[in-house]
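What follows is a single structure, and I will ask about it in a moment.
By letter and in written order, the chains are A, B and C; residue numbering begins at 1 in each of them.
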Amino acid sequence: MQFIGNHILSVDQFERGDIEQIFSVADKMEHYALRRRVTRVLEGAILGNMFFEPSTRTRVSFGCAFNLLGGEVRETTGFKVSAISKGESLYDTARVLSGYSDVICMRHPVPGSVAEFAAASRVPVINGGDGANEHPSQALLDLYTILKEMRHKGRELDGFRISMIGDLKYGRTVHSLTKLLALYKNITVTLVSPKELQLPEEYVERLRSVGHEVVVSSDLSLGIGHVDIVYSTRIQEERFASKEEADIYRGKFRLNQAIYTKYCEPNTVIMHPLPRDSRSEANELDNDLNQNPNLAIFRQADNGVLVRMALFAMILGVVDQVDTCSRGVNWYHRRDV
Amino acid sequence: MQFIGNHILSVDQFERGDIEQIFSVADKMEHYALRRRVTRVLEGAILGNMFFEPSTRTRVSFGCAFNLLGGEVRETTGFKVSAISKGESLYDTARVLSGYSDVICMRHPVPGSVAEFAAASRVPVINGGDGANEHPSQALLDLYTILKEMRHKGRELDGFRISMIGDLKYGRTVHSLTKLLALYKNITVTLVSPKELQLPEEYVERLRSVGHEVVVSSDLSLGIGHVDIVYSTRIQEERFASKEEADIYRGKFRLNQAIYTKYCEPNTVIMHPLPRDSRSEANELDNDLNQNPNLAIFRQADNGVLVRMALFAMILGVVDQVDTCSRGVNWYHRRDV
Amino acid sequence: MQFIGNHILSVDQFERGDIEQIFSVADKMEHYALRRRVTRVLEGAILGNMFFEPSTRTRVSFGCAFNLLGGEVRETTGFKVSAISKGESLYDTARVLSGYSDVICMRHPVPGSVAEFAAASRVPVINGGDGANEHPSQALLDLYTILKEMRHKGRELDGFRISMIGDLKYGRTVHSLTKLLALYKNITVTLVSPKELQLPEEYVERLRSVGHEVVVSSDLSLGIGHVDIVYSTRIQEERFASKEEADIYRGKFRLNQAIYTKYCEPNTVIMHPLPRDSRSEANELDNDLNQNPNLAIFRQADNGVLVRMALFAMILGVVDQVDTCSRGVNWYHRRDV
């Protein structure tokens, strides 16, 4: 695809070459995100960061990515306080707000709303999540994390093995990641979920249609045994038909250090889209995994900044200028951990 | 008036020469707002953007205007979360907050509150709307839009014809615009509203006292027939004494393409202070006008940025430095539409 | 203590030499806060301003301090809207958010939470208030104000006399200031409060253990008679066991100009941590003191910016570069009052 001046609305826009281009630019951004250098390439540019639904992580990640490139951020949060609640159409909101900035990032609870907004916008729009529909930068950062973790082991994306665990039916991040995996070759995908929350058939089909091996299971111990990546997601109790149904699966999709040691191959990488529920009744990743060097969930978040910096630089056409507008860092900068 | 270092609280501050000065500076800002050049004239300056009442449009417009001049924006939104709710006086709030920035923009629900705040402030304050009282930058951008639309036709502000439609009794923007119109010559003002929502006599008098022709009507089709500008506003049902009263007027002040074609002169310009209610039951401007090139409502919003940039530059005394602190734009910039 | 790269969590971290170092840097910041010069020393750096509890004053003060040094600010406010409400641990929040900025300022309602957050953060964290526990920058700005007010009279911190008035039992600012006073010599501290709201014994002991004279009183007129500084705080009615108890003290800790003239020595300085309740039923400082040149409460707020600039510059190791990265101010700058 052509990046300069265009919207990023869905992972369906990308071909494999596009992904590789984004990741190649993201690699170059690491210097700046880790504060080894500062770039001012977008000094004077303005991001309109429009979050019509709560989000700390994604909102701040986009905002910081733009700041790291030297640009300014004007932010709007909340839904009720906006003119939208007075009956303003997305068309009007888009026509007005796109006159205020050079690029817009938007989250909105209604599926399709960001695309509708983008159609009326006079500047490029990045979808920061539109309800259950799409969240393309999350899928990109997930895949980018897999790439980096595999590369760290001298491996490639082609031929790797992943296990996706939890709510595969409603999980937006899982769906989008699945679409991206279909752009690569010879991947083994193990799907571990309660029967009620299995991955919808269309996504399974897509994986199989490109020749990937898909294994469906409802047993965590079997599902995590022979993979390179475990991608865990949250299971919300209210997704089940009844409390009894939920109780059957209680604790069965929860990963902790003991289970990891018993069933996983050495150095299996653990991912999670975050936020992770760390309360004792949660069904995700236990805190005793925090010291496990293969827990990649915070590297995932860091990678989000790199991917978003890359998207901004590509959309605004400044990739070639990032380094030439850079200088050394003159303040104490953080540890690289 | 003297702009440098002073507050902008009311349209009553302005004489015709002041207005012309503001618009002349606003004209020069268009290059920067359209991203043909970047200026960093206010690099290092801080705007305190204090919105003690919800507003996306005005708040972001002020913030972006300041960013476009190179300055930083520190923002406060919401009322309950502020110290004001703990009994802090506007005097105290002003003394403290004015120590944090170089200029303040403030919106507050209570009429007169911004002036009270400004009296205690140590930096210039711009009124971003104080309840039903004043919203001077909105009146300025409305008049600036009229000027530009007329100029586009080789006309001037003197001698033009405008029809104001809707709730003329409570509409803050209509009142302020009326005051500004009284600074010009030979204008014909047609006032179209339900009897309950007619323009208060003091504003009618002001217009007539300077020799303007004022026509009062409650019939939309007659009122929009021979004017250069139609300025539409919302009618809120709760303004009427009863539901029955409201029903009498239902739909009678609504403008759509068919009515426009039937009754308006060619190229009659349509304005609206926004936000526009686009729901089917609304009584304002129908969406089928969106492709009409004479619909100026989004140009109005764009002009708001120019007028606010002008006010900041004039108050902070940097008008002559804007161009000298400028450079070319190095990123993809948006279409000019 | 070592400042570069470290957290600021508690006043207990500081020795007298540390305080003097901070105040010496704060002195140098005044030029920039008063807009006599602009510095861009932190251009490109990002502050994560995380306020999980409402605060206008402290939040904007930290944000402006960072802007005044040339850095950018990404802000998060509110608690419910954050991932924390979905069960995310402070550990996870800290790991993620510390990947987004160069330094973090955090306020959180739970005592100890900021220290827990800091332990997991990859960048330095400044405690902006953790419930009833600590608010170190407030204590520093209070002491800095005392120093400047005394210096103005040719005096030093050693040997000065202060009266603290109001809710000394629950007042976080009073407790922290008391700890700092213990680092100086020969101070007379008069504690004026209702019996129910007396300063906890541990703080009294600390003062006495370093040789300070401590006088306890419940009579305002006696307590303010022979001091250099009157530090007033709010008494909240709900702190008393009963309404009757509260009524006994009603109005007895309220300072106004008449009481000041009658009982205070000439030029006794009046301080207050702000916000001040200015409603007629309030029990703090009356508005008729506003013209009294010894009312230092707004100088206190101004000093907060200087102290926070100093902390940022010291933590990020740029103290020596502040002046070399500076230039003249090219816009109208505010009165110094």
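Please note the rule applied: a residue touches a chain if its C-beta (ideal position, glycine included) is under 8 Å from a C-beta of that chain, and two chains touch if they have at least 3 such contacts.
Fair warning: this is a prediction, and the values are worked out from it, not measured in the lab.
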item: Neighbouring chains common to chain A and chain B, by label; value: C
item: Rotation in the CA alignment of chain A with chain C, degrees, nearest 5; value: 120
item: Interface sides of chain B and chain C: same vs different residues, half threshold; value: different
item: For chain B paired with chain C, centre-to-centre distance based on mean C-alpha positions, whole Å; value: 40
item: Chain B residues counted as touching two or more neighbouring chains; value: 72, 75
item: For the chain B and chain C complex, residues of the former touching the latter; value: 4-5, 41-46, 48, 72, 74-76, 80-83, 86-89, 91-92, 95-102, 122-124, 315-318, 321, 325
item: Complex contacts: residues of chain B adjacent to chain A; value: 33, 35, 38, 40, 54, 56-57, 59-61, 63-64, 67-68, 70, 72-73, 75, 77, 274-279, 282, 287, 290, 297-298, 301-302, 305, 329-335, 337
